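In what follows, a single structure is set out as structure tokens and then discussed.
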Amino acid sequence: MRGRYIVTPHLCTGCRTCELACSFTHAIDGKPGRSRIYPLAAGYKDLYVPVVCFQCEDPACVKSCLVNAITMNDETGAYEISPEKCVRCMACVAACPFGCSLFDKQHNLVIKCDLCGGDPVCAHFCPTKALVFELFDEEELKEVV
Amino acid sequence: MKPVTLTINGKLVRATQGEYLLGVLRREKIDIPALCHHEAVEPYGGCRLCTIEVTKPEWDGWKDYVTSCLYPAADGLIIQTDSPQVIEIRRTILDLYLARCPEAKLVQDLAAKYGVMKTSYQTVPEPNDCILCSICTRICDTMGFKAISTVNRGHGKEVAPPLDQPPDACVGCLACALNCPTNYIKWKDVGGTREIWGKKFELIRCEQTGQPTITREFADYLIANRNINADYFKIKDSAHRTETSLGLGKIAQWTREEVK
Amino acid sequence: MKHDLSHLPGIFARHQQKPEALIMILQDIQKEYRYLPCEALQETAKALHVPLSKVFSVATFYNAFSLHPKGKNVVRICVGTACHIRGAALIQDQIENALSLKAGQTSADMQFSIEVVACVGACAMAPVVIVNEQYHGSVKPSGAKRLVKGVQ
Amino acid sequence: MGITSSKQLLEMHKECKATFEKYPKKVIVCCGTGCIANGARKIVEAFQAALAERKIKDFSIEAVKETGCHGFCEQGPLVVIEPHGTFYTHVKPKDVEAIVEKSIAGGEVIEPLLYTNPVTGNKVERYQDVSFFTHQHRIALRNLGKIAAHDIRDYIAVGGYQGLAKVLTSMTPDQVIDLIADSGLRGRGGGGFPAGKKWRTCRNVESDVRYVICNGDEGDPGAFMDRSMMEGDPHSVLEGMMIAAFAVGAKNGYIYVREEYPLAVIHLQKAIQDCEKHGLLGDNILGTNFSFRIRINRGAGAFVCGESSALMRSVAGEVGEPRAKYIHSVIKGLWDKPTVLNNVETYANVPIIAMNGPEWFKSIGVKNNSGTKVFSLVGKVRNTGLIEVAMGTTLREIIYDIGGGMLDGRPFKAVQTGGPSGGCLPAPQLDLPVDFDSLTAVGSMMGSGGMIVMDDKTCMVDVARYFLHFLVSESCGKCVPCREGLYQLHELTERVCTGEATEADLEKMEKLSEVVITASLCGLGKSGPNPLMSTIKYFRDEYLTHIREKRCPAAVCKKLITYTVIEEKCTGCMACITACAYNAITGERKKPHFIHQEKCEKCGACVAVCKPDAILVE
């Protein structure tokens, strides 16, 4: 299952539901994790943008990782950080030009959006449909892959 | 990738030929202790705690005791992860560890789990918390810095920077210290400077928030060797996110006005 | 201590600066300077493009290398099994006494170093003491002192 | 000007043979390490000087050969006059003049220089009749004491490189492997793994590159077989490696030599250069498409580098830490390529097996253990030296027939085989046939061939402590059972030696030993407790005497012994007083002396100088 986020900023109210959804989805031992998605004020009145990993082509996080802990999940197309492999050197956190690799202090983990295995929970919870996760159709998928 | 079938503690389990058994066992949620294992680096086989018992029908009852971190899966292997012999090996090793690292919490806890509360051997003359797992040196090697290594050999082995001087090759990434199982490697970050292995580093300050990020040396290494745009390191992640939202906001605002 | 490092390029060239020749290069350096000076290790790392940490690791792993200067005269006492059961320990006592040094040490005036070696392969003449590459076989405790006094 | 065909090699063989046999008489001066240490070089110089001034019919300095070790190092320097075999021992430079005059020119025998049989007291004229040699069967050592070690022409004269020629021109690699497999040759380095099987595995691995390595890192203390072979007959080793390389398909070979063996390095280097000059190493050897090169790597003092994976890392210029060998180094060895690693003696056997065939080799030795084995017979035995016997020869034959029995007539107590990985065998095991399987069955092992004989003055606890001390300092430190386990075993054994141990400690030692053996990463740890285990097994009483009575029956363990003067015997010569570095002895001339226990360091200096044996150690 591969797809992409469709963001419609003027629908976003900055309610931070997506953030909560992310945080709870990534809880470990019942402790919510740090959110991988950040709905931020976008510089204009009533305008918010949920900032989340773009799953770039040739991502800086992957290039900066010296232990190859960040790899693409072939099924979802998401770049995922292996928590066992990650050595917490903060290279990717410093290198991502969008600030989407983060350090979760509570769990002592470097984290980023993993698309929840192909069906991001944040999008489900967005009350205004500002954040939608849309699957690629067959033709598009061929292009992407 | 040939699939194989193993018998683990009496249960049939599928695996891939040649993959190391520790991975298979952990996938099966079997608790196998290991002190020198780290997924970022090649298996080492130093602590021997992940020793298991293996046999095959054609071995005529002969059993081998092998470290699962390095033993490749093969069809028909029969594995026992907690036979009395295996437990005895682990208990003895932990007993020996306690004689070397009596104060290391990790070792104490693991030993206690195996019923060893106090070492039955002579504590070594100068005990410390280094368990000589080599995770630090192997991570440093894998990352490409090769700044620290083990020196001497045998019982006198230790981890040290070359010539016992602040290592030139160290970029202050802290990976050695942050992955040390017993937190033996000391470092400190004070007021935008970092110190580790006797070497001092300036941390980059975010141009917007003034907060410290990684060391200048580490960033320079990534710029030079990993082809990462130098500008990315000028601000910290939160500032990057703000910039991203503002950038996207501009486009959104423009579309909004268009629509109007 | 500063060293004349002019011998090093020749040593590196003799081994074509190959990283796998590291051990042999260090042996040649040790032969030249009678130990491995820090500067030489740094130069070696540079010339072979081998990390300094690896050079240091190798230099401290093998018995043959010393990071401290050796004395002008090196007395090596073989403590191989054959020598051991024919009384190498007594010989060692005598020599250590005669030179007021312990095995592994070098005298303050840099005249003598005492080393023990696991076996020099001259077991048929046990016990063996080697003074400056000269082998002495069937050494008696009473004769041990004379061996080193002879050099003094 | 190289040799480009087997025909040319045969011609060269004839020519060299003619030179080799030009003079009816030959003088063999043993130049093994032992004899050199005793002054063999000076003997050679003396011959040169003596013959420079004097012309002898049918003789010249060319007929004076500096050969490899004869093995009888105890009696060196040795000089043999061939073809009669007149055997002169303890030769001094001043004797040379007489040897030239009487023996060479005159044909007489110089009685005082002959070997005296220690049992009968009779003089023995020919070395063939010396019991040390008569019971031996020399295959690997075939050329030692026969040809000049540094002269390729001598080697070719005695049929050298004919095995290689035969293999290259008339056999396929698979046939060579079959031949070695059929012969039953097992690795002489210790484990006894069948060489043919190893070669076949290597050949069958798919790879573009393969390597052949010769393990000359003879680290076992108390062993010097490989040293003597590398020094005395380097070409046999090279030829064996070449045949192996042809069989497995390797283009490059390495010889890893201990750094304590400088002469071996020099001789091997010379041999390699000579081979290159004659086209026996390099491209298209003997006109075939077989190409092979050999390089020498000097070790740097690490016993663990005798372990194959550690050795290979050391050849690559790295720290000699072993790796787990669940994938064997034959498959993934040097630089991760398939690699055949055999030891010096194994290779030295190969050329002659190639020449004489597998049936011949199998006819020597016993079932599953064909051929011979070289041992360094040392310790408290009369005739110490290098020996080679057929597999299956008993310990008793070796120690009593070849070794001439115990030194100073003291009782036999144990023999240690296999070095730090082996064990100590007691008197009831004397009739054990010496072969790989029999030794392993009784808790020792063949090892590379050290055989150290011990008498009642050897403390078995001290021997175990000695080996553990050695292993603790030689452990690479990678794995816990070896690094920490052997350290603790040494500490515990030390406690036995000082009388602080309890019987519970003894049990603890046995249990810990089991774990170290099963759980260690490499052979060093896996066999490390053997000396301890075997001494506890066969000499438990001695341990118990240390523990219960705080007494060392062999009077070795310093903490448990005292030195006292036997007043009736003391002549009051004051020699001990002068010798004692700790001022622990007082007394007046011609009056019995006295040892002050609180000052005595038990160094043994007094015993060594006491002529009337008046010092009691117990």
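Order of writing sets the labels: A, B, C and D. Residues in every chain begin at 1.
Here, contacts are C-beta pairs under 8 Å (C-beta built on N, C-alpha and C of every residue); 3 or more make two chains touch, one makes a residue touch a chain.
Because the structure is a prediction, the values reported are computed rather than measured.
Set against the C-alpha centre of chain A, every other chain centre is closer than that of D.
More C-beta pairs in contact connect the chains of A-B than those of the other pair, out of B-D and A-B.
The centroid of the Cα atoms in chain B and the matching centroid in chain D are 44 Å apart. Separation between the centroids of chain C and chain D, computed from CA atoms only, is 23 Å.
Mean C-alpha position of chain A lies 67 Å from that of chain D. Residue positions of chain B with contacts to 2 or more other chains are 150, 152-153. Across the assembly, chain A contributes no residue that touches 2 or more other chains.
Annotation for chain C: residues 54, 57, 61 touch two or more other chains. Pairs of chains meeting the touch criterion are A-B, B-C, B-D, C-D. Interface of chain B with chain D (complex): residues 44-48, 51, 65-67, 70-72, 85, 88-89, 92-93, 96-97, 99-100, 120-122, 124, 132, 134, 150, 152-157.
Across the complex, chain D meets chain C through its residues 33-34, 36-38, 73-74, 76, 218-224, 227, 258-261, 297-303, 314-320, 376, 378-380, 384-386, 416, 419, 450, 452, 454, 458, 463, 466-467, 470, 474, 476, 579, 581, 601, 603-605, 607-609.
On the chain B side of its complex with chain C, the touching residues are 137, 140, 146-153, 160-163, 167-169. Listed in rising order, the residues of chain C touching chain B in the complex are 38, 41-42, 51-57, 60-61. Residue ranges on chain D touching chain B, taken from their complex, read 302, 319, 323-324, 326-327, 472-481, 483-485, 487-488, 491, 508, 511-512, 515, 518-521.
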